[in-house]
Every structure is written in C-alpha cells, then in structure tokens.
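Following: one structure in structure tokens, then a few remarks.
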C-alpha cells in the first residue's frame, strides 16, 4: 500500500452565505485518474480550486504528499507549482506565443535560464503535439490547440498532480478529441489526474475511479464499471442516465 | 507675398529655437508623467483601499481643473509656502503631474480590461501576485493602453503651448515676442500653427509606427 | 486666524464674480461648437465627396493646433475686421476650435446609427434631408452624449485660455486679487477649488442626462 498523493478531509467552502462545499473528503493515490461528475453548481470546480488553494477552503484540511497544504504559513505559490491546473477557458497568456506561455513559468517561477527553459518548453509542446505551433500567438490557434498548449504550460512546472476543470467544455465537438487524446496519453504515462468532465466515454476508458458530487457533497464513488452499470444511489443513476442520453 | 517670405525668413530661427524648447518640455513631461503615472495606475487597481482613495483624489484634482490654473498655482502659488521653482521646472512639474493623472487612468482601464483568467492562470503555475502583475498583467495592459497613450503623447505637444503664459520661451513664447516686434500677429500665429501641425503630424506618424511594431494578434486597444 | 479668514473671504468674493463669465464663455463656445459640429458632421457623412474632403481637412488641421493658438489667430482676425469685445472674440474662437472636435464626435455617432434606419426612412417616402433630420440625428445625438459630455468638460477647462486675451474669467480674477493681496497660493487655490466644484457638478449633471436619454438598442 503506497501512501496517498492527495488527501482531502472534510473540506468546506462558503462564499458569504453561500455554502458551496459541505464537507468533502477524498483520497487520491499516485498514478490514479479520478473523474469528478455531477450537475452544475454541485461544487466540482470549487473543489479543484480548493485543492490548489486558488480559493482556499473555509474549513477542513488537505495534504499533498506529506505536507498539510492548508496549514498556516504554507507557501501557497510553492504548492500551486506542484499542482498543475487546466481551465475550461484555457486562460493562455494573450501577449505570449505558445512557446512563451510554457517558458514564462519556467523562467519566473522555476528560475531556469532562458536556453534551458526554451528546450524544456519545446519538449513539453512536442508532448502535446504542437512543436510546429511554438511561435503562434493564442489568437492564431484553434480551441483544441490552445487547450493543449495550456496542458503543456502546466506540465512544464513538473506537477505531481494535474487538475482539469472541464477541459473540453468550451470546445467545438470536433476539437474535443485531440485534447482527450493528450489527457489519455498523460494518464498512460502515470500522471495523477483529477478531471471534472462530462465526457463519459473518457471516464469509462481512462478513469480508475468516478466520483459523483451533488449539492456540495460526494454522493457516491467507485470504479467506472460500478458507477455506470450498478450505481448504489438513485441520484447517481438519475444523473448518469440523463447525461448519457 | 514677398513681404510674407521676408517675414518668414526673419522669424524662422527664433521659432525653431522655440520648437526645441517645446519638444524638450513635451518629452520631459511625458517621461515624468510615465514615471509617476505607472505606479499610480497600478496602485489604483491593486493597492489597498486607502491608497486607491488617495490616488483617486489626485487624479480627480488634476483632471477636474484647468492645466493653466495648475501651472499658475505651481509657479506663482507654491513660493507662498516656500517652494520656489524656475519657469522651466514649473512647466515640467505641472505638465508631468497632469499627464501622470491621465496616463494612470489609461493604465487603470487597461489593467481592468485584462481578463481575470490571466491572473488565475498565472497564480495556478505558482507565480506570486506581484510576479503575475509584472510578467503577465502589465505587459498586456501596456499594449492595450498604447493607443490612448499615443493620443496623450500627441496631445502633450499641444498642451505645452500654455507655458508661455509664465514666460517660458517655447514656440508660443517666441511667437508672442515676434508678433509684437513685427506688428504682424495674424501672420506669425498662422506660421506657428503650421509649426504645430508639422510637430503633431510627425509625432503621429512615429507613434503609429511604434503601435504597429508592438502589435500582437488578439491584443489591441482599439475599442472602436 | 481672523486675518486668514478675512483674506479668504475677500479672495473668494472677488474670484467668484468670474464664475459667471467662465460659465458664459463655456456656454457660448459649446453652442457655437455644437452648431459647427452637427453641420460639419452631416456634410462629412452625407455631403459631396469634395465637401467631405474639405470638412476632414478642417477637422484634422484644427485639431492639430493648440486651442490657445486658434484663439490668438481668431482674436486678431476678428478684432481687425469687427469691433467685438474680448469676451465675444474669445468665446467664438473657443467655439470654433471645439467645432472641430465636435465634428468628429457627431460624425462617429451618425455613422454608428444603423444604415437600416436611413433605408427604412427612405422606404416610407421621406426625403434624404427629412430622414437625416427626423430619424438619424435624434438617434445620433443620443449616441453622442457620453463623448459630448466629455468635450463639454474639456471646453469648460479650456475656457481659462481666454484669460490670455483679457477676459475677466476665474483665472484672470484670481490673478488680479493675488496682485492686490500678495497671496497667490490662496488666490489660485480658491480658483482651483471653484473649478473642481464646477467640473464635478457638470460631470454629475451630464451623467444624469446620459442616464435619462440613453438609447435602448
């Protein structure tokens, strides 16, 4: 039994009087791919933003490897460096080329020298199949290409865990395939991933575990086979039936 | 016509000397305005609330009152409380602080126009807030503010023309002296107008060139 | 203490008499500029190509020259041929300069009115002039309000420039009283605050008008 890479314990998150997460606990093992599903507003994206402390939890504790990252005095910037995140809206840096997007974190955060950073950035772009687009600006790339650059940018920081927040929701249907293929490849290389997604085909094929959230709590979790074929809870069944149609 | 050419020959050297002073004042004021305006603009967006208020008051004061009265206040008023400045110094300071208020406002709206996702993404790869502002938000905001800033730079050439009212020998200052020396105010001010048109035209061309150079696809400040 | 208060009162009372002059100069200049602006803008958009070029040239040239230079030129031109007071010469010159800026404002606004509006007006049998007058202009004027409000505050501030041709507006009064009391800081301070109040009130009023007449599209 290896020790978990990520341990989330009774995490709550409120915005004013709005209680979005109401006590979520989740443990993720190294190399595991966890897909979070659930209706919009169920708190999936909020949970991701709690995990990398973009919006730290109001209550509860999170461990990344051996470190409690919710403890006071923790350097949050360091934590985020170890947790990669990919956004629905890509959020590529508009003023930088694809290469520049991957390089800037290497230079500013990982303090690499420019030549070193360029080599590593090119390597990451090759990983997502975009070496030939290195000198394009975001506005010159398709949505799928943008998202793959965003994945390369996150990978450049050498993250221990990758978070994906609906990575294909803003894409035209014909562009989702290339992004999902890159994600599948990453999973095959042993990257630990937490993915919020409505892509049930991806969940079925790639996930080790599917977690169903609703109303700010985890309703049910299990293997894709369990979740898709004989979920225990009626709400899980209703949600999945709805989304499969 | 011959009279006019004679006059032109007589006044051009003095007007050229005035032009040098005008260019000098415009350049120094713009640079001073940038040095002050940059932190003011950043402070108005990212500073603590009390700082935002103070900087907001500064901007309102300079944008809400005429440049000429500001100039008189600095040159004639400040000595009253122990701050005595030379004519040129007063011109630099007034135009510089005035321009800073406008430049800060252009930067502020540009900073606010950069989408929130840019900051989020920068923080997500482990940048501190200051690092994110410096290497992600500011480079974009500066490009967005460039068209407004060019307008300000061109306009500055025209704003400098009030400094002759505290007897600075700029283009207008020379014109005033020449107008009374040759008793030909209309002709001389028309010649001066042509000088200004040339200055503004050249500045406009240079700045358009710079804008084109700095252009990045998907990142322009052209709102029209 | 009592002395300072007395000085302040004297200074204020003297300068505030220039307030009405400042407001009048601004109002005259804005009216003149508005008339020039609307006419030029219509000529610029709907006029004969030669006329369009002429209007563009006027607008580009005037906007490249400092307002104070225009005031001086027109002041000397006007006072050579007609006997006008400095007030009228200054205000008219300021209005003439503002006309170029207002031309650009109204041109932009007219061009922003959807072309379908003109077509629809012509389709119900209006003449071109009728369509401009009763369909395009009413919409354009409302679209122009924010930019026009901005120009109005600029003219208000530029109205101090007529100081240079001797009009007794706020700044001139401040200068006169400071020469008498030897307290320029106080005098120009009062002038600044008076102006600040004036621009803030104007801005508020313009925002109120903008909200009131906003065009729902």
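Here are some notes:
Lettered A, B and C in written order, each chain numbered from 1.
We take it that contacts are C-beta pairs under 8 Å (C-beta built on N, C-alpha and C of every residue); 3 or more make two chains touch, one makes a residue touch a chain.
Keep in mind it's a predicted model, so treat the numbers as computed, not measured.
In terms of inter-chain touching, the protein chains here are arranged end to end in an open line. Compare each chain's C-alpha centroid with the centroid of every protein C-alpha atom shown, and the nearest one belongs to B.
Inter-chain contacts peak for the pair B-C. Between the Cα centres of subunit A and subunit B there is a gap of 46 Å. Averaged C-alpha coordinates put the centre of subunit B at 21 Å from the centre of subunit C. Inter-chain spacing, taken between the CA centroids of subunit A and subunit C, is 57 Å.
Multi-chain contact residues of subunit B, defined as those touching 2 or more other chains: none present. Here subunit B touches subunit C in the complex through residues 60-61, 64-70, 72-73, 76-81, 158-159, 161-162, 165, 172, 185-186, 189-190, 192-193, 196-197, 200-201, 224, going by the rule given at the top. Within the complex formed with subunit B, the residues of subunit A that make contact are 52, 54, 77-81, 84-85, 87, 89, 91-95, 104-105, 108-109, 137-140, 150, 153-154, 156-157.
Note for the complex: subunit C touches subunit B at residues 61, 64-70, 72-73, 76-77, 80, 108, 157-161, 163-164, 170-171, 174-175, 178, 183-189, 191-192, 195-196, 199-200.
On the side of subunit B, the complex with subunit A involves touching residues 114-115, 117-118, 120-128, 131, 135-136, 139-140, 143, 216-219.
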